[in-house]
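Consider the two complexes below, in which chain A is the common component and chain B and chain C are the respective partners.
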Partner chain A sequence: MKALNQYIELYKEQKDVIENTSAPGLNAQRAFALEALAHKGLPVESDENYLHSNVEEWLAPNYGLNIQRLNLPLDTEEPFRCSVPNLSTQLYFLNGDSFMSAPQTNASLLPDGVIVKGLNTFACDYSEIFSRYYNKSSFTDGTSFLNTLLVQDGFVVYVPKNVVVEKPIQLIELMQSQFSMLACRRILLILEQGAALKLLLCDHSLRMQEYLSLQVVEAFVEDNASLELYDLEETHTGNSRISSLYVNVGNDSRFVCNNITLHNGRTRNSANVAVNGHGAEIVLNGIVIADKEQHVDNYTFIDHNSCNSTSRELFKYVLSGSSVGAFKGKVLVRGGAQGTDSQQTNRNLALTSSARMFAEPQLEIYADNVKCSHGATVGQLDQAALFYMRQRGISEQEAKMLLKEAFVGEVIDSIPLAPLRDRLNRLISLRFRGQLAQCKGCNICH
Partner chain B sequence: MENEELRNFSENKYKYGFTTQVQTNIIERGLTEDTVRLISQKKGEPEWLLDLRLKAFRHWLTMPMPKWAHLNIPPIDFQSISYYADPTASKKNGPTSIDSIDPEVMKTFDKLGIPLEERLALSGGVAVDAVMDSVSVKTTFQQNLKEKGIIFSSIGEAVKNHPDLVKEYLGSVVNYRDNFYAALNTAVFSDGSFVYIPKGVRCPMELSTYFRINAAGTGQFERTLIVADDDSYVSYLEGCTAPQRDENQLHAAIVEIVVKDRAEVKYSTVQNWYPGDEQGRGGVYNFVTKRGLCAGEHSKLSWTQVETGSAITWKYPSCVLRGDYSQGEFYSVALTNNFQQADTGTKMIHIGKETKSTIISKGISAGHSQNSYRGLVRVGKNAYGARNYSQCDSLLLGSDCGAHTFPYMDIQNETAVVEHEATTSKISEDQLFYCNQRGISPEQAVGLIVNGYAKDVLNKLPMEFAVEAQRLLSVSLENSVG
Partner chain C sequence: MLKIDNLHASVGDKEILKGLSLEVGAGQVHAIMGPNGSGKSTLSNVLVGHPGYTVTQGSVTFKGKNLLEMSAENRSHEGLFMSFQYPVEIPGVSMMNFMRTAINEKRKYLGLEPIAPADFLKLVKEKREIVKLDNKFMNRSVNQGFSGGEKKRNEIFQMAMLEPSLSILDETDSGLDIDALRIVAEGVNALKTPQSSVIVITHYQRLLDYIKPDIVHVLYNGQIIRTAGPELALELENRGYDWVIDEFENKK
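Coming up: the complex of A and B.
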């Protein structure tokens, strides 16, 4: 309660400042969010969906918020670290929660009608579209209401009917202030009928400060549209991240999400997919690599509410040190959702005695003509494979590395963008060797 | 596969729905400390047991009713239940010999296929503890078993004759603080069975308890305690039925099992409480805590259950694998039809080294029923080399039912290997077509396919039970083909 009260008080005290710096469209939703938040509260540990992440505790410290919208300086080297060789992207930033374009980005290269903007500007400039979509997902927990209550900026991509954005769009999310900060980020993705978009999200923290990012992504994938989302987290151990994704998919649409946690402090990702269109195809994949005291909790909820849709989930965890991994994947097939085909796989490597894994795949099925399955395993590296490699002169350490890379490789291989695949393979290989780009010159976590 | 045929398949006539007219001494409805004292007094219990009951009762008062299960449980008024019903009351000193049992009660058990006269049992047959409502009516073959040092009696008798053993083990696996219904049971439990197998003894016959609810307005709160000492073996069977009534009756039992070094216990249940009618009226609420402790090294505990009855089934027969190299097994077929609900599964808690567990669960849902599997596999910090394999399959017959799977895995040891697989589907058209083509009617074909589907579990049952279970599966499914 204490954590919640401090935010409610903050909002009440700073209401004028927040509202004066934000678009009316954002402000219009705050009263409802406040009411819902007061009613629902923040998730507590006894909440069935939050058994392994005490987010109330994560939200308890007194973080700073950039309510005054101060212009925080941006580290200009950052774009280079995130650049994916051979993959030309349109690049944007969220510095804390403030939107900015990269100097080299040229909006005129986007196809006609596509709008990429900061949330606040978009809400002002395109208020009609904005109010049609913003905050229209059915939120399920208090953290999303808290985001709606405090949000001042974020990121929007709007792709009109039948427009295909060929070039991936990349959004780099940064935390770099000298103080411990909370960033309320809101991302709104609107794909009208037949539209297509690929979006890369790179989440970084540049300092060893205590940061908290409270992110809500709302995506609307209308009939025949296709959205591919690649969400890569590479933050410091002091970083906490609560990210909720809400996706509404229409008839014959396609939604692909790859969620990769390379390095972090504490992370809670939730993906809620409402399958309201028939014939929709959902793919949710994830990789988690955690060691030290890192904590990664992925929650997915696929709500099949229409006929003949398919969903595929593949989450792979590699845990070492004293890290904690949690996966809860719920698949709900409602009464009318005949012909649903759903498969969920969760495979985990627990490599040290102090690492801990919680796996909870769940199926809830109310229709009979369906094909649903899930599988979850927790185990170690295959001793026979290790022996085989050592026999051929590969050192034990190298052999383990290869096996781990191959283990997560299954997820990487499913990514259609070859340059991104290569980049991720490289990053993962570095990660297993403790040499992530951001770790160079930084001794804090090693 | 046509809905009508599927529906026709599951028209179930509950065979055991009759009521026995026997003079039964029922205490007043309601639950207070005085009720607890009265039950204890009626059973002539020692002070320590009354203390335990009172502690449990006081604790129960502080507990809220759990709501986390995937079940829709109508409110239960615990004050409107009578907690003790004694159908043997007409014979003043209680049943000591076969002649002193009320002939009506004898007839009831005969009708249920449970012969209380030892000469009628098949040679090398099954020793039975027959429990009606709150009282054990008769335990057969006690003498033969005694020669081997085996104690098999009602728990009430055991409290009198072997107080040290009961005191040592009662509540050692399921503490009264464990959960809401465990606290309630500890406060008001009546008869169940007590089994003690001494060191090195292999029980020569199958032991069994048959539970029958007869009196209206009562609940049954039996308590079973099985202790298998070093190097012993026992196979234990449990059966249960209840009359057909419009009211819901509560059955909240505790089964505790202690398995010592190199001992093995096989516990099989065919649960056939009255499931309610086609409209979901009546039926038994079966809220049971069953848990075994594999205390010794190389000990083994195997749970096999066929669940076809009860309006609501809520139970998780579990194994605590504390001894090194101990093994836990759970084989389950849970069938729900009409408006039945089930939330059942198991917990495998690996504590010792090189412990192994297997979970095979087959759920079948028909009609408007909801059938959930819920299971926990926990591998503790020191459970080196722990191994678990779980397989949970669900079969859906009809479009109005639900099948759900909620496995939980909590792994804290890096040498553990844990696997879980689950599938949900309906009966394949190909299989049905193949059967029909060969002249097997759709109804028979479904029965055949369902039995084949459940075979992995049925194979684990003792022979007498396996036949019964197969028949039950077909009967319970009648009218659900569609």
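Coming up: the complex of A and C.
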């Protein structure tokens, strides 16, 4: 309770400042969030969906928030590594929770009607669209209500009916303040009927201050729309991240999410997909690479509430050092969701005796004409393959690299954007070799 | 080339090789035959440094160096190659990447620069043709989805790429039809130089019809119990192993 109380007190003390710097649309939801928080509280360790992440403890330190909306200087040289060679993107930034577009970004290059803005500006300028979508997802945990209570800015992409955004949009999320800081980030993605969008989220906090990002992504993928989301985390070991994704998909729509934790401190990601449309296609993939004391907990919940939809999940973890990985994947097939086809796979390598993996697949099926499967494994590198490679002269270390890269490669290979695939392969290879630190200006592996 | 002296080796607590001695000269082809369980596969695995086997006694010298002190990868770099009885599938590692890494690791060991991409492709093409291995296999994962014959041809392809001075063919004929057997054997013969040596481990005469041995050994109960010329293989094919074993036991 102590962790929660400090935020509630902060809100009450700073209510005027928060409301004066925020759009009415954001403020309108705070009272409800406060009530829900008081009722529900923050998740505790005994919560069955939070068995391995004590987020209450993560939220306990007294982080600063940029409530005054100070203009934090942004060094855009820093995110050099986010550049994906051969992939042209429209580039935007969140520094902490403050939105800015990259100097070279030209909004006129966006297709007609597409709006990419900071959350606060969007809420002011397009209040009608905003209020139709903002905070309309069914939140399941206290951290999301806390985000609604304190949020002041974030990022919005609105794609109107039948518009296809060919060029991927990239949002680089940075933490560059001199002080430890909590950033309440809110991302709102609206894809009207037949719209299509590819979005890259790159979460970086390269400086050594302790940061906490409390992020909520709400996505609305209406009938026949398609959203591809690539969420890459590359933060330092003092960073904590609590990110909750809520997606609502319509008829014959498509939602693909690749969530990659390349380097981090403590991370809790949740993806909640409400399949309310028939014939929808859902893909949730994930890669986790962790060592040292790193902690990565992915929770997914796919709620099949309509017929003839498919969902595919593939999460792969490579754990070494004393790292902890957790995957809980819940698939719910409701009574009316006939013809659902769902497959969940979670494969994990625990390469050291002190690395730990908690895998928990969970299927709940109330319809009788469905096809559902799940599988979870925890194991080691294939010794026979290792020896075969060594006989061919490949050193044991190099052979292990090849096997680890091949293991996560199954996820990368499914990414349709070839330049992004190449970039990820390169970053993963550097990561396994412990060479991320050798890149210019980066503190990440220290 | 290779000198094995009084070699004892075990798996766990079980001693498999019990004082094996063998000498292979440069340019020679040796065949090692013997009944099941005699220690043939153990011998080849011990020579290439499989971590599952422990050498308890004896010595092995390869080109004047102490082989048993070397890591498996350095044995390979020094020119030792084994064609596996059961080639391992490695999902997600392409043949190209696998082969390029192997070649470059060897070059690094020899103090050479990594091979230029164009030269590598040329080398692959040249060596593939020796065992008639289609280019499509190069983009597939190592051995994954290969038929039995394709796997064995792939072993000989790798042998061609690495140009070893001593190759051990561990039951390379098992699971091969006549045509594949001929392709594999012709590949081995094409790669043979006056300096390179081959140890063929087999149950059957038929491989030896194609790869002609200079010397034939019978391995039994962890020891070489008879060594003779190629005619021994034919005699074994006709009479089985019992008579050799009987003679050996009676001599004791």
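Here is the rule we go by: the second predicted complex is superposed on the first by the 435 of 446 C-alpha atoms of A that agree within 3 Å, B and C clash if a C-alpha of one lies under 4 Å from a C-alpha of the other, contacts with A are read in each partner's own complex, and residues count from 1 in each chain.
Keep in mind that, in the parts below, contacts are C-beta pairs under 8 Å (C-beta built on N, C-alpha and C of every residue); 3 or more make two chains touch, one makes a residue touch a chain.
Quick caveat: nothing in here was measured; it's all calculated off a predicted structure.
Between chain B and chain C, it is B that contacts the larger number of residues in chain A. When the two complexes are overlaid on their common chain A, residue A:391 makes contact with chain C while staying clear of chain B. Of the two partner chains placed by the overlay, only chain C lies in contact with A:406; chain B stays clear of it.
In the superposition on chain A, A:126 makes contact with neither chain B nor chain C. Annotation: chain A has no residue touching chain B in one complex and chain C in the other.
On the side of chain A, the complex with chain C involves touching residues 382, 384-385, 387-396, 398, 402-403, 405-407, 409-410.
Within the complex formed with chain B, the chain A residues making contact are 48, 335, 338, 348, 350-353, 355-380. Residue ranges on chain B touching chain A, taken from their complex, read 68, 70, 379, 381, 394, 396-426.
Partner chain A is touched in their complex by these residues of chain C: 48-51, 71-73, 75-77, 81-82, 84, 87-93, 97-98, 101-102, 105-106, 109, 141-142, 158, 162.
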